[in-house]
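Please find one structure pasted underneath; my questions will follow.
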Amino acid sequence: MDFAFTDEQELLRSQARSFLAERRSLEAVAEREGSFEPGSWQELAELGWTGVSVSEEEGGAGLGFLEEAVIFEELGRVLYPGPYFSTIALALPALAGHAALLQRVAAGELTATLAHAEAAGPRRLADTGGLATEARQDGAAWTLAGEKVLVPDLGSAGTVVVTARSGGGVGLWSVEGGAREPVETMDSTRPYGVLRLDGAPASLLVEPGSGEEALAQIRTRALAALALEAVGVGEAANALAIEHASSREQFGRAIGVYQAVSHSVVDGYVGVELARSLAYWAAWCVAEGDEQAAVAAAAAKAHAAEAAVAACERSIQVHGGIGFTWEHVLHRLYKRAQWIQAFEGFAPVLRREVASALLDVSEEESTELVQQETPVQQEVA
Amino acid sequence: MNLRDTPDEAAFRGELRAWLQDNLPEELRAHRGGAGRFEELGRAWSRKLYDAGYVGLTWPREYGGAGAPYSHQAIFLEELARSEAPQHIGVIGLGMAGPTIIAHGTDEQKSAHLQRILSAEEIWCQGFSEPEAGSDLASLKTRAELDGDAFVVNGQKVWSSFAHIADFCLLLTRTDADPAKHRGLTYLLVDMRSAGVEVRPLRQITGEGEFNEIFFTDVRVPRANVLGEVGSGWGVAMTTLLHERGTLGFALTAALEVAVRKLIALAKERRVDEGLRERVAREWIELQALRYTNYRALTKLMQTGVPGPEGSIAKLHWSESNQRLTKLALEILDTEAQLLDGGGHGEGYWQFQQLRSRGNTIEAGTSEILRNIVAERVLGLPRSR
Amino acid sequence: MDFAFTDEQELLRSQARSFLAERRSLEAVAEREGSFEPGSWQELAELGWTGVSVSEEEGGAGLGFLEEAVIFEELGRVLYPGPYFSTIALALPALAGHAALLQRVAAGELTATLAHAEAAGPRRLADTGGLATEARQDGAAWTLAGEKVLVPDLGSAGTVVVTARSGGGVGLWSVEGGAREPVETMDSTRPYGVLRLDGAPASLLVEPGSGEEALAQIRTRALAALALEAVGVGEAANALAIEHASSREQFGRAIGVYQAVSHSVVDGYVGVELARSLAYWAAWCVAEGDEQAAVAAAAAKAHAAEAAVAACERSIQVHGGIGFTWEHVLHRLYKRAQWIQAFEGFAPVLRREVASALLDVSEEESTELVQQETPVQQEVA
Amino acid sequence: MNLRDTPDEAAFRGELRAWLQDNLPEELRAHRGGAGRFEELGRAWSRKLYDAGYVGLTWPREYGGAGAPYSHQAIFLEELARSEAPQHIGVIGLGMAGPTIIAHGTDEQKSAHLQRILSAEEIWCQGFSEPEAGSDLASLKTRAELDGDAFVVNGQKVWSSFAHIADFCLLLTRTDADPAKHRGLTYLLVDMRSAGVEVRPLRQITGEGEFNEIFFTDVRVPRANVLGEVGSGWGVAMTTLLHERGTLGFALTAALEVAVRKLIALAKERRVDEGLRERVAREWIELQALRYTNYRALTKLMQTGVPGPEGSIAKLHWSESNQRLTKLALEILDTEAQLLDGGGHGEGYWQFQQLRSRGNTIEAGTSEILRNIVAERVLGLPRSR
């Protein structure tokens, strides 16, 4: 039993933190109004962050999700506005086996995202009902036709992994063309886009019929990644609250002496620390391919998003008027926390999924989850 | 106990409802709040309300009011909310400046301002809060020094709604560096067109600039514009704040009613699941709780003439209800919660409301300060430290 | 618009309060471990409380539900352990038209309750599905057979109003016989009982076929009555919290100076004041037979029960260890608040009922409820 | 990071699980908590655990412990919870008295008590709180006056678990009326069979008497029973409280796991609706949050030997989770929520748990005090007043 990051992982974290503090701080992001600076992507690539889990032969570091977990959390703390989540959490798993694409991602030459939702079709990765985008094969060449909505970071993504239906079922293709229309979002650091495909050339990534399985894996990774980001966001909001409560004076004293302030800050802190435990658990499950990964990721994302939103709200309240202004960085954290919260369903949606795993199963399976949900004991059984 | 209108109230309501149907311009209906869009049309609409006799309903007739019972004001706000009409643009003049001038003003001040407040010829703003003096109002630093027949004002105010379009400001200043902070304050009525007054909008997290900073640099304010006595500003300011909270309940209920109505429409449109349905019902129930608490307060006000502590309760309850309700709306929008156009209600209506709602527990008395007030003044608990 | 009790009603309240403080105080109830003292019922009758809404011809005061509302709230404040709720809220409406019974109730000679729930049948007044108790007619005589559970105050009730099914549908009968078995409840001031009827003689109160309508009216009255009781209970818990926070010293000061204490007490107070507004609204609707009565009563009971429970929990926390002891009266208030909460459904059940009224209706009807839920405007329409 | 057992941990767990299967008496399984039923059987069960080598797992070998890593203690508590077995009856001896004696005791005190604590021959209770000194422990008034070779103790303690069956008491007394309250306290080890000790059970809102009052009237305590130095009692007491909170997390997780498991069984049995299902899932998630927070703490403890602040966090979180969970169970019982027999789970199980849970935010440090501790010691906020 060892629930700590390794020394190497901790080193990665401290390097990431100092690099980001210097080059990509929260304040700097705010100064650019949260817009993506394409040059920053190359910096990330040079640090090896775009190839963390890409094999060494394909130009990556050959590490795993726990190292990516560190990056997700640290990028969340500073609201990095580039397509790291889209490229690494949403798109990368679909590129497995496609060496050329993986190499370009690792080298920082290619960003990517995933396009799945449709206006009249599925809205969540967990769902492919009504998926209407069509893939057609003409010899070795594929073309796609359809319209995708809610595509994260579409504006800054190089290639787009697209779900579509062909005779063989749902598969995944990559597309570089198509018409892209930006959509304004509350969180401007991670905008959505609409992608219109009208016979755009496409490359097959995941065979028709295997799409649902690929989506399920992507989804679990994405939920875990968002839980980690949320922990970073929440911690940043808490840090601002602690700083303000310690320095702002009213009635002749730092406002942190008042329990209405200090206890609220404590509750924000406790919430994020609990979320951190869940997020690390989910990260470990993903890294290990543990069978609990899907439930752990759903649980962690549900809890961490709520904790991050609550931490931001408490922090805004502690700041008073100044925390309500555009110039203060808090609202950007708050909007990202809300972005995370809305993606793939608010907490009740995810908790219902957990409820199914707990309640709609045989006595034995449920006992497994309840008693042995801690993987600690697996080697005993 | 009779929750139905009296014949007099029913008649007033009927006439008002008909008048609104005939007179409310379509472009003002369903105004979403925020500063941006209302200003141009606001004065004209306010004047129209004034000409029809619907402004200053409870003000004494001698000052241009209707001398009507408080229930008329409640009905007025209810009907305004129902028709989704905006309020009179001079909310600060009507709710704060007017009552304070009536209580403490000279005859000259009364005749100079009261009627013009009602007619929206004068829009007022409030200059109380400062960057270093938020909840701790008495620590304010804006100085006013007597120089001949005028006070010379230097300092900075913040969180001032309407300052960018205001004609006058209720300005609380320090005229004496007395260590007993509450003394040494003086209340001035300041013409916003005076030399040395600069207004800068403060952009909020919604992206709009509803509040402002006001900078005063050697602004000369005639001595005749002192409201009350020199050095008695704290007491005068308390009158202003009493009126701010005393008459708040019905406006808050009206605002929440609009929000609940839209929430229900959204829930019906989206065919939400049982869990969300229950939460929508909760918001409706909380609205009723606010409404009937106000009726209790109104009844007491009509019986005694003194507003009860319900103003603070209403503000606490409304702010938390509105925050919860707007978050619920985004949850109903589900995966579209982030979309500022297309996916949500027109032009990010709910996103705007949700972000704006975070200010509700800060503005006009933070929830922390309001809980202190209720603890000490209503429940008689020992003074909190 | 006049949302105040009349001077006469206020006089009734102050008389009730001083009588109860002297003769039936919360402390006295606690000393008797919450048990019913039959002699107390006659005292209530002498004050006219058992005949408030019984007509003057039948020996009552000929008043209405608003006067009863005052009594319910005041009895709630002192946790009166007799069958007032059962007799006046649950049984009395079913006795309408039966002068002899009404006279006995008004005179304090007869207490009563309502038996509806069945182990394998309906559990709520809102439901008659599966009702299995049978009523049989032999000439003018009726007999009942079946088993009723969750009968409030069965031990102290003289007559029992029983729902049963006959050829003509569901009706209500009164029964004095049958086997009664007490059931231990968390709130010992209002125990339940099981009633077994094996051909017990019965008198018809409400014709078969009209039972559902009668139950619906009883239910609305009962929910309003419980909301009022809950307000009394919550207010009593708040008063104890205020008293303790003002007098208990720790770290050299009254604990009420700490915001962790004072703000919690404020929230308890605010919750009960809001509940009071809803409860009075519901009471007025019941008194007036307003068409909103059912929704108002459900809303008020849902909110007031939660507010009372929360006020008790806050008060226990403010009291610290002493509030957790049997000798302190707080737990009795808490248990009654929980009794109220569980009766006819916890808040979510009732809120779903409100949701149906809001959402499962035409645009116009919903607009009625949302905009005009305030009966203030009805005379205009 | 590896959440699986090491081979050593797996072996320990496997043996323990098999041992429990063979040795746990059926009448002890699913013990609901509370004092009433466990006492008679508790010492025998504890002795059995001791004989099998499962008591004092992390204590040094020289004091009769197993000298095992903390992870074994965590596994022990997990497996105990899984089999619904009660803990060792000497929780105060094991968790508080033992560690404090190890840290501050004389050799004589160590040899007199440590082994007997492990074997359950000595059951301990704690005598800290007083009626007028709850959260403000330093204001305690129980006096100890030196008279020859003994201290004479007079005073009253309260909220003492196990006092009615305890052999010894950890007693914090005042030996000097020093105005600096923290000084002048002396920590005594008191034989509960001494003349002048009287224990009265304090009945709780559950109806059971789990806590006690202890009255001391001219009780003579040999001077050799002072733990630490005369006048240094405050520091010694802090060691006790540190251990109380430091080792708490796993016991709390174990308790919550039992509760969640029963909640899930109840929800399945009652086929609850979607809204309740979601709330059941939430409690399971909160349990995982507690569990993995403890694992983080355990890892840090194993790396550094020092317990982190997670003890306070775990206590805060557990107490609120347990309160919410037990209320949810009653809500699932619905109209049967009030029934103490027949309708609910056996003999009012959930009703007992729900009422008992209200003490969770009061006992062993109120939530208010714990939030102060986290604010000041973990977050570094200025000291709260």
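Read from first to last, the chains carry the letters A, B, C and D; within each, the first residue is number 1.
By our rule, contacts are C-beta pairs under 8 Å (C-beta built on N, C-alpha and C of every residue); 3 or more make two chains touch, one makes a residue touch a chain.
Please read these numbers as outputs of a predicted model, since none were measured by experiment.
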Most distant chain from subunit A by Cα centroid: C
Contact-pair overlap exceeding half with B-C, pair selected from C-D, A-B or A-D: A-D
Of C-D and A-D, whichever chain pair has more C-beta contact pairs: A-D
Centre-to-centre distance between subunit D and subunit B (centres being mean Cα positions), rounded to whole Å: 53
Length of the line joining the C-alpha centres of subunit A and subunit B, rounded to whole Å: 41
Residues of subunit B touching at least two other chains: 274-275, 278, 368, 371, 384-385
Per-residue overlap in subunit A, given as positions that touch at least 2 other chains: 258-260, 263, 348
Complex contacts: residues of subunit C adjacent to subunit B: 1-6, 9, 66, 242, 245-246, 253-254, 256-259, 262-263, 265-267, 269-270, 273-278, 280-281, 284, 287, 296, 299, 302-303, 348, 351-352, 354-355, 358-359, 366-367, 369-371, 373-380
Complex interface listing, subunit A residues touching subunit C: 258-260, 263
Residues of subunit D touching subunit A in the complex: 1-7, 9-10, 13-14, 17, 71, 74-75, 78, 82, 257, 260-261, 264, 267-268, 274, 277-278, 280-282, 284-286, 288-293, 295-296, 298-300, 303, 310, 313, 316-317, 368, 371-372, 374-375, 378-385
Parts of subunit A lying in touch with subunit B, wherever the complex brings them together: 117, 123-124, 149-150, 183-187, 192, 249-252, 258, 260-261, 313, 316-317, 320-327, 330-331, 334, 338-339, 341-346, 348-349
Interfacial residue positions of subunit D with respect to subunit C in the complex: 129, 131-132, 134-136, 139, 158-159, 202-205, 207, 211, 275-276, 330-331, 333-343, 348, 351, 355, 358-359, 361-363, 366-368, 371, 384-385
